[in-house]
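Listed after this line are the structures, all set down as structure tokens.
Note that subunit A is present in both complexes that follow, paired respectively with subunit B and with subunit C.
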Partner chain A sequence: MEVLNGFAAALQPLNILLIFGGTALGVLVGALPGLSSPMAIIVLLPLTFGMEPLPALLAMVGVYVGTKLGGSFSAILLRTPGTPAGACTALDGYPLAQRGEAGRALGLATMGSTLGGIFGWLIAIIFVPLLATIAVKSTNADIALVGVLGLVMVSAFVRGSTLKGLIGVILGLLIATVGLDPMAAVPRFTFGSVGLLEGVSFAAALIGFFGIAVVLADMPLIGSKSFLTADKVSVQMPKFGELLRRWKSIAIGAVYGTGVGAIPGVGAEGATWLAYATARNISPEKEQFGTGHPDGILAPEATNNAVTGGTMLPMLTLGIPGDGSTAVMLGALVLHGIQPGVLLMRDESTLVYGILAGMLIATIFMALIGWTAIRAFIYVLTKDRSWLFPFVLVFATIGAFASSNAMFPVYVALFFGVVGFCLERFGFPIVTVVLGIILGPIIEYNARVALAVSGGEWSTFIDAPHRMGLVIALVALMVWEVIQHRKQVKQAKVTQPIN
Partner chain B sequence: MTIKTKFGATRRNLAGIAAAAVLAFAASPALAEFPEDTIHIVVPWKAGGGTDRIGRAIASAFEEAAGVSVVVDNINGAGGVTGSLNVAKGKADGYTLLMNGSSDMTASMTFQPQLPISLDDFAFVGGFYNSPTWILSNAERGYTSLEDLLEKAKAEPGTVTVGTAGPAGAQMLMAAAIKGSSGADFRIVPFSGGADLKKALLGDQVDAGIIHAPVLLSEAQEGLITVIGTGEPLSNLTHEPLQGIATLEDIGIPIKIGITRGLFAPKDTPEVVLAKLREIAAEAAQSDGFKEFGESFGFRPVWVPGDEFEAQVRGELETFQKIKTDFID
Partner chain C sequence: MRQKSRWDIVAATIIGAIAIFVLATTYVGFGAPFADAGGIYPETLPRVYGYALLLLSLVLAFEAWSQRKAPLSGDADETEKDASPFPRDFPWGRVAGTLGLTVIFAYCLPLLPFFPLAAVFLASLFLLYGHRAPVNIGLVSLIGAAAMDVLFIRILNLPL
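Entry: the complex of A and B
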């Protein structure tokens, strides 16, 4: 079987070393806020010129897998995600760390990532032909519907005023309209600035909201010599029994991650938020999400590692990248003389399955590295905030700059840092704004292309069984949300003493 | 007395030697070898894309020819404008160059004339990789040529869809030019970029798509995708059977559209340095290493010397502007 050939190829001593090195580098790069996976892979690119294609790609895959865990570590400890994929983990990871259970949070993240990565991998390998077909047959209409579904789930992220949450989303959608109109290429809200022509850089906005805003918000604490935690923190890997109990969150993550990753165009970042929202919606303890619920860590973590398996599929079966890292990897394949495309699986099956095997090996290495590295990361917590903040700001600036090697995104990040700080002060959940920024362009572009292809016929959104299904799910979800909200309001009234 | 004479003579000699030394030092900047330091080639696109790959390949050939190290900087944004501006406004000492596609630049100047960038901001080192823009269709659709497609569009107006790999690039201009000069009524659907159009073509969601060659070459070789037309002759294509595909001019649409990747320097770069850059670039473009890259990428490299390249690009800008006024505005 080709899978076994792939493993045989990947398990050569040099390749194992490269996978391990890549994964370790990935965890480190991921943990540093601002540095991301595509950047690290680009730096590796010239170093791999002298290698054969498989070792080169294995090192890159290691980095790709490692950053997904590293990014979550800083999200949990500093509320500043090391990579965009880790942002969702901060929602429950940071509160858990603040309660003195940082070790547990990091352990959950590690195991969630590992299991999500493994199950996602299994799904990908078993369903390669099916997923390849889905990837090709998926139309812009499908992607638009998935995007709207995500938007409807936004109330999952709102703690407190639903109105403020919705305003946050609309603000996010508005921010997302800045830039060139995706189909008419006419500038919108750019105020003549060349820097804004490509729109608000998502990486910059994220760094601003989650990195700089955090520093601004916690600045009053600097003088008081505060630590993030004074107690001795112990490393706590979640017990097997607990993971078994919480299998649903991990499964949701694995399925969403692989599925969303396999469809180029939806966006790997959005997948973690969708998974989180779904895990919350089906949980009997939904009000606890956002205060440190373990499922709130397991779901996004499982997703962001399953996504790596998912994005590999269109990359290897169609030659279409699912995100920045896979785009660089495709470039690497070409530079090594391999033509990615529909025929790669057929012509270079050992290479393809070798890469996929390497991904599984990298996931296992990631678990080991994560487990040993947790101690080092907890050390960070015992440092005074006044040391950490400059560190975070420096890396945030580096990250914003490196996102396109220009100063403009840095200004954008600073701007959103201030905006985010103000929004939080007034009780607006920044999370919903981020959701609007992520989903806005996806929904707008795909809906418009879908209508352009169909000639303006709106029926294109329901003219296939799965699309009908999505629309029904959408409507049902909206109705359900309204009912839930009514219930909540009633309960609040009932428990309110009558003045 | 001998000492005096000797001293006198030595002084004159000394003066002579000193004068010669001063002259030599004064002349040395002109004789100093360019390049002596690392050269940066700015690729104004994200890493991993087609232009980036070509950029990295020429950068490595350039490194060999120049004898100094060459580094690629990806400065993306605004459809290539951010990186281009960065080079245009940078130091004109020959150590920072721009690598970009001719029609990427001219198309963005055509659609957005308010941008603070123009061809006059650059000195043209030369063009080294040319690929036409071609029209593809999923084999399942059954079209064998562009004329087929136009016939269907004329018979059933408003039903045929042609996607473009970008809303405001050479591909859109080509679509508009075809639609305008043939009079056929088909719907132009602008996709966000090559990757999305590629997916739509593979998934048979549009009748045809306009994209830079050699994207989807291997699928075309296998017969999954049909090349129904091209903006410029495909004679440089490495895959022989497709070299003879009819161009737009062949079927009566008098427009040539393709993309030539080239190297640009800021406009005030000294002549001496520019001449040296052109020499190095010519060597790099014709090197075995770059030829090998071309073979595997899909097209054999070309070398278009600086002045010719400049004339070509300026001509292209005029063509594009004409297409826009005739068929789009």
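Entry: the complex of A and C
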């Protein structure tokens, strides 16, 4: 019944329009190298402040789903992936396009993304209610432990250096302590500023990190021309028989995408490569991978969109974002006065099911847009980013202002824009900082309430089998992180002294 | 790698300084007279984070230091210039100009009407990004600012 209510809410005419608009924007942004899904969602923030939470979230879900396909357009036509997750698609998509089969490559990407997205959605619609039933029984100690586990996972699986990922997490946690202490209500790190008493605004920090910082980092892209492999392309959808023959690649991508997507902070990038490697290993034509093999497009594209279903699991049941885009969506929920976390399903079931329904609708729109409107996206692909960045900056500024109708968050966003730009240049993964900012208050509040309830007994964090299991998982992950890091350092030393 | 490790030392130094600042602030205290249950003061968690950050910055510095004397890789993809997070050929002028113009735009937002301010801001950025055709710049700036004015002020009623 609640599922039907969710669909009924998502299928309102305005909501359908918003999902369609969001998906089209997502495909467009995804196709443009340098622009990202969180950035596009940030751009939407000022437009959605005045809306009800569901329509606002549906537009964002549309963007999130759409960017996954858009990234493959530029990967196939330019060999420059619009999103990091699209990089894998270029391996076989670009050679296929070079052979004069760009339309077929785009069709395979569109169908792979659609089928992967539908699989991810199925997993999400089945498991979100199940996990929510378990999550709603959580105590404060459980929530604090799950939050810490989420952060350790983020730093463990993030792309790049584990050590830098961990530093990013701690920086995020520190930023989250700015403002009034949640229990004693004394100011921390406010330096006499009234604007900081309420803490660092989610919206402002996210706009800085995912909006302004990205524009600054992408400055070298200005003036660069894109050369397409084909000027006139019409998408050629694969026949049903071909999809049936290649079901294994789609299944591999869908399973990997959903599974990896459910791990906070990992995102689609790593999963696409894993799926590609597996599809190649089991293929009888493995030597043809890299030369334009259809399975080399289907597997990463199915992964790419299945991730959207996976990331919804921790986001909607625990309030832990799976990646940068879901982090921004969680921020949007908070801005609309909704507290994400274990009680979300109990208190806002129509919203949760509405978001899930929106995912399916967005996936269908994505397929239609990819199929019919490819020419518009090809036109945009050839355009210079310099016409777009100034508008992104205006939207970012207005978004920060509109988050509390004050100028202070605008300056906070600018500050974090510069900080984010510097962190990115030094190789610190921004997503870890953002997740630290989002999970920090949840961890601190719940840990302190758990201690208060237990009369100050620290053993409350290990006094139940499942909590003991969480602590063991935490310790195991940290040990694994140390081992991984040592491997990274050794590898760096081995590959260093060439010549 | 050698160049990269130098910059990692710089990053570790900055992060270490932040950690020391955080620790110093927490030892001065935030003024809460009593601790929570479990002995947690408002400064306890920031202090834990501060120590963790200090430790991690030391690990980063140590690792970067140990790689400092490694020979430069002969790989053409990894030259001294490329390894720097702040290469000389990065368009720093545009970064500084963008930031400066955005700060001015944000500062003037409560003082000036949105439409002319946005139009001037857009036109200035287009000029900064290398566009020189006055008709294109004028048209895109005016139409863009007008569209945003309608959207933000007339439709969304934002108090800009």
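Keep in mind that, in the parts below, the second predicted complex is superposed on the first by the 264 of 499 C-alpha atoms of A that agree within 3 Å, B and C clash if a C-alpha of one lies under 4 Å from a C-alpha of the other, contacts with A are read in each partner's own complex, and residues count from 1 in each chain.
Here is the rule we go by: a residue touches a chain if its C-beta (ideal position, glycine included) is under 8 Å from a C-beta of that chain, and two chains touch if they have at least 3 such contacts.
The structure presented is a predicted model; accordingly, all values stated were derived computationally and were not measured.
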item: Touched partner set for A:L163, first subunit B, second subunit C, both or neither; value: second
item: Comparing the two partners subunit B and subunit C, which touches a greater set of residues in subunit A; value: C
item: Contacts of A:N405 with subunit B and subunit C, given as first, second, both or neither; value: both
item: Partner chain(s) touched by A:V394 [first = subunit B, second = subunit C, both, neither]; value: second
item: Partner chain in contact with A:M183 - subunit B first, subunit C second, else both or neither; value: both
item: First, second, both or neither for A:Q339, with subunit B first and subunit C second; value: first
item: Which of subunit B and subunit C A:A464 touches, first, second, both or neither; value: neither
item: First (subunit B), second (subunit C), both or neither touched by A:G455; value: both
item: First (subunit B), second (subunit C), both or neither touched by A:I320; value: first
item: Partner chain in contact with A:E444 - subunit B first, subunit C second, else both or neither; value: second
item: Residues of subunit A at both interfaces, subunit B in one complex, subunit C in the other; value: 49, 181, 183-184, 187, 405, 452, 455
item: List of subunit B residues in touch with subunit A within their complex; value: 46-49, 52-53, 56-57, 60, 73-79, 81-82, 85-86, 111-112, 114-116, 158-159, 161, 163, 167-168, 187, 189-192, 195-196, 198-200, 202-203, 205-206, 216-219, 222, 224, 296-297
item: Sites on subunit A touched by subunit B in the complex; value: 38, 42, 45, 49, 135-140, 180-185, 187, 192, 194-195, 197-198, 264-265, 318-321, 324, 327-332, 334-335, 337, 339, 341-343, 404-406, 408, 445, 449, 452-453, 455
item: Interface residues, subunit A side, partner subunit C - complex; value: 46-47, 49-50, 163-164, 166-167, 170-171, 173-174, 177, 181, 183-184, 186-189, 212, 215-216, 219-220, 222-223, 386-387, 389-391, 393-394, 397-398, 401-402, 405, 407, 410-411, 414, 417-418, 421, 425-428, 444, 448, 451-452, 454-458, 489, 492-493, 495-499
item: Complex contact set, residues of subunit C against subunit A; value: 1, 7-8, 10-11, 15, 18, 22, 25, 30-32, 34, 36-43, 45-46, 49-50, 52-53, 56-57, 59-60, 63, 67, 70-71, 73-75, 85-86, 90-91, 94-95, 98-99, 102-103, 105-106, 109-110, 118, 121-122, 125-126, 129-131, 140, 144, 148, 151-152, 156-160
